[in-house]
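Presented below are the structures under discussion, each in the form of structure tokens.
Two complexes come next, and they have one chain in common, chain A, joined by chain B in the first and chain C in the second.
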Partner chain A sequence: MSSPLILLPGDEVPSEYLPSKSSAPLRLGHGLRLLSQPHPTPGSTPSNHTLTATQPGILSTDNKRNAVSILSSSNRRYIPTPNDLVLAQVHHSSADYFHCMITPQSPHALLGQLSFEGATKKTRPMLKQGDLVYARVLSIGLGAGAEAELACVNPATGKAEPGGLGHLTGGMVFDISTGMASRLMKASSSSSDQQDGVAGLVVLDELGKKLEKAGGFEIAVGRNGKVWVDCSNSEHDAVKSTVAIGRCLTMIDEHNLNPTDQRKLVTRILREMKIESS
Partner chain B sequence: MGGPIASLNPLNRADGSASYKCVSTGSNILGSVNAPIELPGRRDALKPEEATIEVFVKPGTAPGGVGERYIEGVIRNALGRLILGRENGYPRRGVVITLAIVGGESVGRGGSYLPLLPALLHTAALALLSASVPLSMTLSATVLAVDSSGEIIREPSVKDAKAATSLHALAFTSKGQLLLNESEGAFDFGTWETVYERALAICHGTSTLSSDGDVAMTENVDSQPLEGVLRDTVQDQIHSEYAWKIDAA
Partner chain C sequence: MNKEALLSIAERDFILDALREDVRLDGRAADQLRPLTLSFEEEHGHVKVQLGKTSLIVRISAEVAQPHDDRPFDGIFNIAMELTAMGSPAWDNGRQGDLETYVTNVLDRVIRHSNALDTESLCILKGVSCWTIRADVHITDYDGNLIDASCIGVMAGLQHFRRPDAVVKDGQVIVYGLDERVPVPLNITHKPLSVSFHTFDEGKLVVLDATRKEEQASEADVVIGMNNAGDVCYLSKFSGSPVDAMVFVTKTTVALDKVKEINGIIDKALQADLAKRAKGGLAEESRAANDR
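Presenting the complex of A and B:
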């Protein structure tokens, strides 16, 4: 495939862009739909189905999973999808559930009081209004107007999988675009030694190197366009480093910086905020 | 004749936004889309399986009135045919489109909104695209004035529109189907047919008129078809947003 294919709603996906034929059925992702032609013209190809885009974006194919989807505009609104990791804020709690906010505009998502690692009726986390949790979207409910359900534990194993799900203490949350959130997620889940980093982001590697001496930092990325940063290890510089990291991430998101500019920005912000870096 | 000037995402906090400036009519529109959002008190909506579409047109200087309510209805009906309100996350939610007229001659009380309609539709379509609202296809629209000598003026200025015997606003889907047809003034079927052909050529280029060489020649002077202008705007935006991915490949 030479150049990336940009589609607009209503455009058909050309068959040569689809993953090569294999026995597994093709998985349709975000932004695509299957249309069947009611009256196939005689003599045409036997397949009377066409794939059309419903959102503008780049066609992205995954040969391994035999999947195809559309990568659309990066600052769209977050719509919960099962298995997404999100940063939610507890709004209030009821007998069985914590009612959490994923985005300020959407209805509250439900987080079971017992869906934490090792939680029982006697020992369960006491979350207050405003507390942050890192959770997985368990289900989005069926039908119109249904509430999303969150969980901080894998219901099959009873463990917090992947690690880090649960109540987040300390730190600070920064708002980023949903596109940036998924890029950060890709970048933080796989570390590479490439010059350009993963998904065009070198900021995390760069910050990690520079702040190593100061005690490093913790980061949790939510698909809902939120990122939580904590530097509690770096004693007296904790607040400064947290704000610096947040500023780096929001600036890169806002100005769409390339790897070289990302490195420059990190150096500049750390110098401006007088943080000792190695 | 210069083409329209459009840009995506001029507003930071909206889910999608677009600004659109039509050079020949002088209209300048800023549009924003928020979707899907919770509508208070609409849980018992008339069509619970679909998204509710709301359109607001805000004139630049005066408070909105009957004319704005009427054109809001026209725009809502046209866009309702394009928006896929049954997609995941959209049923019972709202798609709110706000269009502010920020420049150009404002429409007086009781004045006709037809000269502004294409710009409003284009702004709404671009804002919907930038918000990634699921659409079945995109649209392009134009307005034509027919003067007393029977000559067709593309995208007339306010003065031309006042002098014209009839005004026609037409919108086409990206597949070339007629989506919207609003006319005012006195005209006959023959006039409408020529107006239709001309509008289709403006929106989609000349390929549909290959049989009539004469018309095709004049349309080529008219610059790029509007459909292509919208497509280029969106493609440029996606290109810059995904530069990290495209450059790496």
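Presenting the complex of A and C:
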């Protein structure tokens, strides 16, 4: 794959761009849909998919996980898609569910009280209004006003997969665009040798290097345009580092900085906030 | 859904913790404004204000009307503001919320009741006709501090606006079109502006020009309206936790600095616009017509 492939909604994904490994099933990510599968004729291989893009963007493939998705640009509104990781806020709870806000002014999403790692009727987490959870979109209802369902656990294994799902305590939430959120997800999941590629985000690596001595930081990126940052490991500069990370992310998002400028910005903001960096 | 979404507990706690260490989310100092830009459109009295991420448009318009019976010598000046769904998804069209009532009230008191616009100069013929000046405020994006932003917009609009010239000839009112006579600027007596502060931590921490998140996490707000000369024309502290009296004294000094700073920005923008218009030839053309 030499040049990035740009797809428009309705475009078919050419099969030569798909990951070639056929041992594991192909994982479909954001913005792609299996609209129709041609009847396998006896001679053809079973990996003969017809994939269609539902959003405009750059096709991105991950050979290691045998996954394929569309890296789309920013939307003003986040629309939940199954398997997205989101940062939700508990609005109220009922007998079986926590009613969560993924985006304000949209119908609440349901998060089962038992869909946490190791939760039973007796040990379920007691979340109150305003608590934050990092969750995966399990399913989305059909039609307007339908409720999406969230889960903090993989129903098949009973584990919080990928790690980190569940209640988030402390830290701070920063608002970013949905495009930036998906770029951050991509940047954190891809290996470091392709960091200057499609996503072009070096900010997290850069911040990680600079803040390593101070205790590092935790980050949870929600596809709904929210980032949770926590630096409680560092003793004295916790607040300052958190604000610095938030400012770096929002500035890069607003001004669409390239990797060189991102590095410069990180250095400048850390100096401005008077944080010792290594 | 016509309610602002509540902040999460983590955000609320963090904002407070950060302020205790004198750190704000956008790296500003406690008494620092967000970047303010003003731009004027082609028509007089059409202003765009951008204060951080809060942005709004103000249109000033004038028409001839009959003065109120009890004030035959006075013109009429109204400020109309409506929070529509364009500004924030938390607002509903056609439904008045608390914020709208509050901001409209403050604008009325700071600008209208302090007589910033000399309404007597709007009278054309006693008891028969006068100018009605109307300021429409449209919010296009909302990230806190609506009061100050709209105050800046209305004041800049009033200074930028030119009304058509009108004369009385033999008991007849003649209004000249904008291309017939050079339009007249409004008579501004003084330039009041509001400066809002938000208090945190039982009134111990006071912050200027709060963003939406900071506003939501705050306990109370204090609005000071004053002009360049330091005359306080409005002061309010409606609800929330008590605020120390010294806060009012110290913050009035800060407010004066800010009012001067903002008025400086408005003046600069007005002058830049005037220079552009002079070059554009619109004013020049009408001036030449007058000389003849």
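Couple of notes before you dig in:
Here is the rule we use: the second predicted complex is superposed on the first by the 196 of 278 C-alpha atoms of A that agree within 3 Å, B and C clash if a C-alpha of one lies under 4 Å from a C-alpha of the other, contacts with A are read in each partner's own complex, and residues count from 1 in each chain.
Keep in mind that, in the parts below, a contact is a pair of C-beta atoms (placed from the backbone, for glycine too) under 8 Å apart; a residue touches a chain by one contact, two chains touch by 3 or more.
Source: prediction; values computed, not measured.
In the superposition on chain A, contact is made by A:Met273 with chain C only, not with chain B.
When the two structures are aligned on the shared chain, A:Arg65 is found in touch with neither chain B nor chain C.
Legend: residue contacts after superposition of the two complexes on their common chain; A:Gly57 is shown touching chain B, with no touch to chain C. Taking chain A as the reference chain, the count of touched residues is higher for B when chain B and chain C are set side by side. Of the two partner chains placed around the shared chain by superposition, neither chain B nor chain C is touched by A:Lys264. By the touch criterion defined above, A:Gln105 lies against chain B and chain C together after alignment on the C-alpha atoms of chain A.
Of the two partner chains placed by the overlay, neither chain B nor chain C lies in contact with A:His255. Within chain A, the residues touching chain B in one complex and chain C in the other are 105-106. For chain A in complex with chain B, the touching residues are 3-4, 6, 8-11, 31, 54-58, 71-77, 79-81, 105-107, 140, 143-145, 179, 183, 196, 199-201, 256, 258. Interface of chain B with chain A (complex): residues 9, 15-16, 34-38, 43, 48-49, 82, 84, 87-89, 91-92, 129-138, 173-175, 231, 234-235, 237-249. Residues 89, 101, 104-106, 128-132, 168-174, 228, 239-240, 242-243, 246-247, 269, 272-273 of chain A are the ones that touch chain C when the two sit in their complex. Residues 1, 4-15, 17-18, 21, 23-27, 89-90 of chain C are the ones touching chain A in the complex.
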